[in-house]
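For clarity, chains are labelled A, B, C and D in written order, and residue numbers in each chain start from 1.
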């Protein structure tokens, strides 16, 4: 179930569950954001950065999200969620996700923009270096060395 | 709980629930899309178009969604969700949502793009006239004469 | 949207949302527990005890839950959630919930058993007196004199 | 990710996700029912009975559910969900689930009672023979021969 880094991207899988589909047997669109966030959670776990989500000194809340839905995701579909780093600056990191069916067809593309904040004040901070280091370790960004 | 049309927009309310917040007591970002979709559901109910979501001949799946998250939505927050029509063409309708706290402060802005499809084939169709008529009846778009 | 105390019970309302129903247009059974928990949240808010859910010194996690599902809850249904106190002892409080449709028909009955724990250690503690006092204030239990 | 039959029980795994935990970093209790239902979905897929959830002639809605929560399920926990058949009669089937952490410790036990209904009328029907056959094929019940 855990994701893996693979040629400049990190991959994770998700199965569309009964409680996630709607009247038409199709995943409610909001579920796509959950599948992508799960891939991000596995990415953090793979870099030892899961404290960011669970009581650490800084956090990475979403400040923006967008999605294009190309084809329905149906109950039971085994999805491949591909995560790539689309941007990284002083304050934020942007992930691009591609959700594919087992046939490789794109079902949706998603972008998440996360900004670093202090865990207590929720004030913006400079993106901690350990994040870029973790992303480089997984070959998701070029080594900054 | 039902929303109401009000000076060119439709309003709905939502309370941030315990099961919707995360480790930091803040609504998981994906919930914002659910709050907005609930406003859309109330809009459909107010225009007698709820069959669109529940077994009718055509449907209005999301083809795009985006959100900017400005300030945290915390557990127990009573949110006002304002819905406006941002665009309407042959094939799709775009809603713009503004989520505000009780103080009136903007917490997030969201856009949903819906396209009309045939309920069986899921092939795109021209937006049925009854939708524009319903939106006009609630003064969300100008009467088409 | 906030609940109210009423003849020995506390009432709350919930609308079955599109993202909560399944392939058959019926609320996924797990949603019933969310509707009931929302009533509990409103109860805590009404007694000024919401800190229990949000960073206070003690917490009230669920240690047991059960439900009987009598009739389907369908998309758009406006449900009345009635909360009563079914039991109260040194360590735990049990709530009984009745979910009714607009016609008054029972859709489901639910029981939640909550035990008091220390917020840090998660070790069981004696139910803090302020909880019984809050329940008495809303006439959900007899005054303890 | 798919479950497997194993010495009289069927096993599935689930990871506690960020959007499923609450303010204390602990899975909202209602998520346990979702993890168990996912195991049931994999069971149906393994027996070729997934049509029961997706447009077939009969359905298996929940008529009862109960859970005992023993120990917190925390964000990132890799859970093993063990499914066993606790009862089977003319009208209903009861599954018993045990949720364990990676250490083998029991986090929760859950029971789901499903009754067979006609997909259109939602009236109770005799449990179709193909269900018992499927359960026997996975060695979850004795062969009825």
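Structure notes:
Heads up, the rule we're going with is that contacts are C-beta pairs under 8 Å (C-beta built on N, C-alpha and C of every residue); 3 or more make two chains touch, one makes a residue touch a chain.
Note that the structure is predicted; figures quoted are calculated from it, not measured.
Interface comparison, A-B versus B-D: the pair with the greater number of contacting C-beta pairs is A-B.
Using the average of C-alpha coordinates as each chain's centre, C ends up farthest from subunit A. Once the centre of each chain is set as its mean CA position, subunit A and subunit B turn out to be 25 Å apart.
Separating the centre of subunit A from that of subunit D, both taken as means of CA atoms, is a distance of 28 Å. Averaged C-alpha coordinates put the centre of subunit B at 34 Å from the centre of subunit D.
Shown for subunit B are the residues that touch two or more other chains, namely 18-19, 23-25, 28, 30, 34, 37, 53-55, 75.
Remark: subunit A residues 23-24, 26, 28-30, 33-34, 37, 53-55, 59, 61-69, 72, 119, 122 touch subunit B in the complex.
Put simply, subunit C touches subunit B in their complex at residues 1-2, 13, 15, 17-19, 25, 34, 37-38, 41, 45, 50, 53-55, 75-76, 78.
Interface residues of subunit B facing subunit D in the complex, by the touch rule stated above, are 18-19, 21-25, 28, 30, 75.
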